[in-house]
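Structure, as structure tokens:
The chains carry the letters A, B, C and D, assigned in the order they are written, with residues numbered from 1 in each.
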Amino acid sequence: MSKAPDSILRRLKVRRQKQRTILAMRWRCAKGGKEFKELDTFYRAIRPYLCVAQLFGIMPLSNVLSRDPQDVKFRLRSVGMCFTGLFLLLGGIKTVMQANILFRTGLNAKNMMNLVFLIVGIVNWLNFTGFARSWSKLILPWSSLDILMQFAPYAPSKHSLRSKLRLIGCVVGSLAVVDHLLYYASGYYSYHMHIFHCHTNHSRLSFGSYLEKEFSETFELLPYNMFSVCYGFWLNAAFTFLWNFMDIFIVLTSISLAQRFRQFADRVLALQGRQVPDTLWYDIRRDHIRLCELASLVDESMSNIVLMSCANNVYVICNQALAIFTKLRHPINYVYFWYSLLFLLARTSLVFMSASKIHDASLLPLRTLYLVPSTHWTEEVQRFVSQLTSEFVGLSGYRLFYLTRKSLFGMMATLVTYELMLLQMDAKSHKAGLPDLCA
Amino acid sequence: MSKAPDSILRRLKVRRQKQRTILAMRWRCAKGGKEFKELDTFYRAIRPYLCVAQLFGIMPLSNVLSRDPQDVKFRLRSVGMCFTGLFLLLGGIKTVMQANILFRTGLNAKNMMNLVFLIVGIVNWLNFTGFARSWSKLILPWSSLDILMQFAPYAPSKHSLRSKLRLIGCVVGSLAVVDHLLYYASGYYSYHMHIFHCHTNHSRLSFGSYLEKEFSETFELLPYNMFSVCYGFWLNAAFTFLWNFMDIFIVLTSISLAQRFRQFADRVLALQGRQVPDTLWYDIRRDHIRLCELASLVDESMSNIVLMSCANNVYVICNQALAIFTKLRHPINYVYFWYSLLFLLARTSLVFMSASKIHDASLLPLRTLYLVPSTHWTEEVQRFVSQLTSEFVGLSGYRLFYLTRKSLFGMMATLVTYELMLLQMDAKSHKAGLPDLCA
Amino acid sequence: MSKAPDSILRRLKVRRQKQRTILAMRWRCAKGGKEFKELDTFYRAIRPYLCVAQLFGIMPLSNVLSRDPQDVKFRLRSVGMCFTGLFLLLGGIKTVMQANILFRTGLNAKNMMNLVFLIVGIVNWLNFTGFARSWSKLILPWSSLDILMQFAPYAPSKHSLRSKLRLIGCVVGSLAVVDHLLYYASGYYSYHMHIFHCHTNHSRLSFGSYLEKEFSETFELLPYNMFSVCYGFWLNAAFTFLWNFMDIFIVLTSISLAQRFRQFADRVLALQGRQVPDTLWYDIRRDHIRLCELASLVDESMSNIVLMSCANNVYVICNQALAIFTKLRHPINYVYFWYSLLFLLARTSLVFMSASKIHDASLLPLRTLYLVPSTHWTEEVQRFVSQLTSEFVGLSGYRLFYLTRKSLFGMMATLVTYELMLLQMDAKSHKAGLPDLCA
Amino acid sequence: MSKAPDSILRRLKVRRQKQRTILAMRWRCAKGGKEFKELDTFYRAIRPYLCVAQLFGIMPLSNVLSRDPQDVKFRLRSVGMCFTGLFLLLGGIKTVMQANILFRTGLNAKNMMNLVFLIVGIVNWLNFTGFARSWSKLILPWSSLDILMQFAPYAPSKHSLRSKLRLIGCVVGSLAVVDHLLYYASGYYSYHMHIFHCHTNHSRLSFGSYLEKEFSETFELLPYNMFSVCYGFWLNAAFTFLWNFMDIFIVLTSISLAQRFRQFADRVLALQGRQVPDTLWYDIRRDHIRLCELASLVDESMSNIVLMSCANNVYVICNQALAIFTKLRHPINYVYFWYSLLFLLARTSLVFMSASKIHDASLLPLRTLYLVPSTHWTEEVQRFVSQLTSEFVGLSGYRLFYLTRKSLFGMMATLVTYELMLLQMDAKSHKAGLPDLCA
């Protein structure tokens, strides 16, 4: 239906991509293969994450261990796709069984959350598989741009992209692991206390019995043994990993893009106070167009992931937010609840803030341009200024909303209003104490 | 009250329309009558839909079978107007009787929906009749622009407008038919089960008895026979058709307009890298002004239809949304409820997305213009850029709101907030099971 | 606190005002006093409304019967001010007594509306008195601009401003009178039925007894006689008149301003296709700046009236909106309720729509300017274009919000969401029937 | 993470700051030290407030009594820091004890407010300490700009900055003192009446016994004597002072910045009608860039204070707003409740309105520039216009939201909608009278 405009943009891009690939080739030849692999490219920085993702069947790419981005392609018949298929199958079974249980007991706003979590997971596996298909179309122009910006006149940034991405990935990743462990700890403690106080059969106090209850839908199909317990853990971990990976991936991509825009701004800043010929301005403007094209390519490819991530995060936050004043039984429950809510809020804010940095960085050259004295002010500079101000650069969810500070504020404001309203309604109704533990 | 500014715009347009009509004539003479009728014009693509609409008294135009848009005019004394009058009369009677029943039993938020559906239908018949009156003022400039854009320097698009419109019309149309059939199926099954379990008189199990209940307000005036059953079906179908037609019509119009803007962008793209004289830029800019004038003419003529369509869709979605957690008795009821809700959501999104494509397409030439080298950069190009960025091109509901992705997002966000609030209120109140079937 | 920027603007304006007054003088001398008074100026069109307003102590101006705007000034010691003082005193007493009654019985969301109505009235009298003080600063530049635009090169508009304003004033005024009469009719009928069914003393069935109850707070101070009944009617009428006058005044002012912008656009349109020298463009641009300055002067002077009008209308609409599903006892109650709600909605929409026409009209010259061929395109034209697009022209409530179609839509959308939420809450609670008539 | 772009801006600023400091030095040498201290600088106007703030440990700066802004620096080992540390310690203890009490009795929406008030206080002490650290980076460029704008070609403003700031500070300060006194009066009166009617032991009627209850968490640690009562008063006053200081500080800063922009606009206005060489325009534009840089430096340094201030004010307003229809027992309670609510609303509006004046003032030169005749219209003027319109100048909360009239309106609108919704919910539930006084 909308093929025509895409075709225009695509033709424009294909033409440019070819130029870029040739450029990339030329660079590589001149510099030797080895040097290339040690450049601070986005591919090199993101590769470890892609490798880990393979283990959970996310973004099935072949040759992901290779250091050359040209080798990494999506292939239908590959090990990665097998993994993805396996996860889709097993996740699908889990989802169907969970749905079955829910529909039997009656679906409501509370227990729906578990099901939504699973469905979102399945959709995300599909989204990432779709993204993997367009990966080579994205990484080649990006890599050639990366290579271009490793050398003069672009100055390298103080901290390498790789170290930045590693730092963020590790911090968020460890927090996510703690979150996941707290989930089991909180669940097991509640189970333990329940059995201890209400049942006489204390043989069921063990962690194993807890798992039997936790992974009940698994044990409807499989016998209870070491293997099936591991299977339960592993599938649960995969869904949790996917949820976190989605957000982290958006953050890492945003940071990498923003870095390139900042380098670009640095280059423009270096020209301050100098006599700049029009041809140089034209070159700079071309580079800016390339950067913008890359940004819009990334935006286009990741739109569904961004949309899913934001929708899911907002949904979970809303659901958690209503439980703020619910009385919980054990301290560990409180710890898990607040840790998980705050972690989620922080992660969502991080996604918005990193993505908004792309736009902020894209506007940095403006200040320098305002200071160009009128003797050096030419039409090229003016066009550059109007180009900088006219277009929005950044990530979006199908352009339905943009990841900006303003959107984050709007989201938070709506959330707070909603929460206030609920609190008020809560204050009216009589607050019952905790229900009987053994009821 | 606001005649003066309209008069300015109208004078501008009248002048331009004359030029266009002359142009159109010239083309036709040069090419021969037959060829003209085979051009891929909007009129040719939309004509089948207009013909079908005639059967339901929508958009009463005379000579709608003619292939020449100049023959198709609104006439007060025509067969189409008789049909429209008939529908208005019968629909009016149905509405009055329904209103009568409701006021007797007490109007509330739930049963009001049926009445609103009928009233909106009546208003839409009037709206479309108003649109038919201005049809010839719209289709003539559009057709001449269509003709202009069939030939060089404009390239034809890969898929003809006609095939696109046919595809979309068929898909949405079939889905609507399924929706309508499910309505009867769901209603009949509920009726059947009710009679079967609660009444001893099983002679009333037939489909006929169901219809007697379904069209009860018809049978207050008419005796029960084959003819009056058909009449009931037919009037119901007419209202449903009108509701769907309204949305489909907006979608088809939007796609057609967007296509022209895309062709225009293609033409500008073709100039990339060439030395373009100022006179050519001026010609291109003139064509752009013509396209924008056509778009604003369409916007003006269809504003009331757009406003009505959006208001009605949002109202129905809100009403359906509150029933999401209501327990239904039979699986067929679930199927109908969810199918109809999802179909409505998809249709509404389609309306917004197609209409937003007009604006997106109108901005496509910008990219090409940014790449014009400074040696070829003249005042004409600059004016073209500022013209492209300054005005909003697209459909709106009386300019109170514009059909854009952002509006769609705002609407969806409000809907979700609203739904969340209701869910929360629902969770508080005790959920009763299903009431007794025979109560 | 904010005197400095105002002083800048004021100096600019004072300078310009002097020029204008001189110009006006010159025109008048050349044309003769009589002819001047027959020009289609805003002053001449609004004068009848000002005269009527004097009767209710609104906008106390001396010499309001004079046809020369220079004679009309605000004087502290004048008949008008006496009237205003009288109304403020009597209205103040009424308000205090009403407040007293309410605080005794307990203030709540429902009975507060009456009090708010009275307080808003008092505030509006003060607002209009403040506006009267700045009236001569406003009407002199406006009148000289009006005079300027009566003659070539400005073409007169088809319908005179005077006839337009008279038409709108009469229509809205009559609807308001009907609204006021229905208020008494509905009140009296309810009273009548109540006495008839629940009391044996049928001597109290008369209209007089109803008034005794209606104006109870008056009869706490005054004895019951013909005079005090008239006094009650008159004070009630004054508050109602003020409320309607506020809206009508904004509408009339907006229409008059919009008309001038349209005339201006007509003049620019007339230049289309001609060779226009830069000096003429500069003259046109100067006139545009004058019009914008007038518009911003009007906006500044009327900001508090606009703010009060919108806040009050929205408050009353919200309050009425919650009562939509309340069962009323008599048909006349329904008629009054719906008539008054629809009238209020229509009036509020009219305020927003008329005011938004100012902005729409101010953008009309753009279309013409886009068609200026590049050979005639000079810096002056470009500056004109950027001037037209850069600033917002229209009315606002202290620039907290602007009277535009978008604001109207936002307001309506919020209202509808709010209403939907209430309906939902209503549907949950059990609907009791009407309470006992005589309880 | 976001060091790179900051570094660009910082380098730009550092370079400029040096120039400015040199300039400032030069001025001072030429004029003599004494004269410098009598210039109407921001530092001189804000100094008294900083001195008072020291007493409460806010913004710990050393040498704050000095008249030379270069002497005032943040030092870790200083008397101010000791004070701050003391307040943080004592405030922290109070907060922890309050939290302890709350968690014991059960946290809910109502009693949470007290705790939030204390936590916000602690966070603000830290925020202001952070701000003190960057104070010298802010005040030096500001002072040199202030000095620059004391002399020709800049005209002094009619009212000195110092007198303006003193006036506003005194008015808001006294209102705050009244608010604080009313708090004790209202509390004591309620306590008095409660003891009088419900206890026989009338020895506890004294003010001392009230304080014992009011500062109960203090007397858990300290014995009851004159000293500990003073301590209780003083700590309470410190928190209240901090809350008010936060708002007043934003207001004062905004007014000072807006004043400079107005002076700048005055200078541009003075050029009207004259032949201005391009070099002068360039100088003016440079000054504008300096002003904008100062504004963005202020915005950056104060973002966390602005965010905290707005979030806290909105939270307290929302909380108070729900209690509007709660019945209170004594007239003094009503007086305190309404005084404190209106004072808070006025203060919040003042913050938004003053901050929005910065932006308004920054746009003032536009009017003058539109009137530059085309013979004097050069590229410099055009760049100035585009510079003025392109960037937002003003304060923000981490750019999540901007302090503008529009934001204020949005906030107020949300608040009103929220309030209306609550009122409606209130109207539904049965209103109980006052609970028994002695319960």
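Keep this in mind: a contact is a pair of C-beta atoms (placed from the backbone, for glycine too) under 8 Å apart; a residue touches a chain by one contact, two chains touch by 3 or more.
Since we're looking at a predicted model, the values are computed, not measured.
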Each chain counted as touching chain A and chain D at once: none
Chain whose Cα centroid lies at the greatest distance from that of chain D: B
Same or different contact residues where chain C meets its copy chain B, judged by the half mark: different
Cα-centroid distance, chain A relative to chain C, in whole angstrom: 53
Distance between chain centroids, defined by C-alpha means - chain A, chain B (Å): 37
Junction residues of chain C - those touching two or more other chains: 421, 425
Contact pairs between chains, per stated definition: A-B, A-D, B-C, C-D
Chain B contact footprint on chain C (complex, rising order): 157-159, 164, 168, 255, 259, 262-263, 265-266, 269, 325, 327, 357, 360-361, 364, 366-367, 370-371, 373-374, 377, 385, 389, 405-406, 408-409, 412-413, 417, 420-421, 423-428, 431
Of all residues in chain B, those that touch chain C in their complex: 1-5, 7-9, 11-12, 106-110, 278, 282, 285, 289, 318, 322, 378-380, 383, 386-387, 390-391, 398-401, 414, 418, 421-422, 425, 429
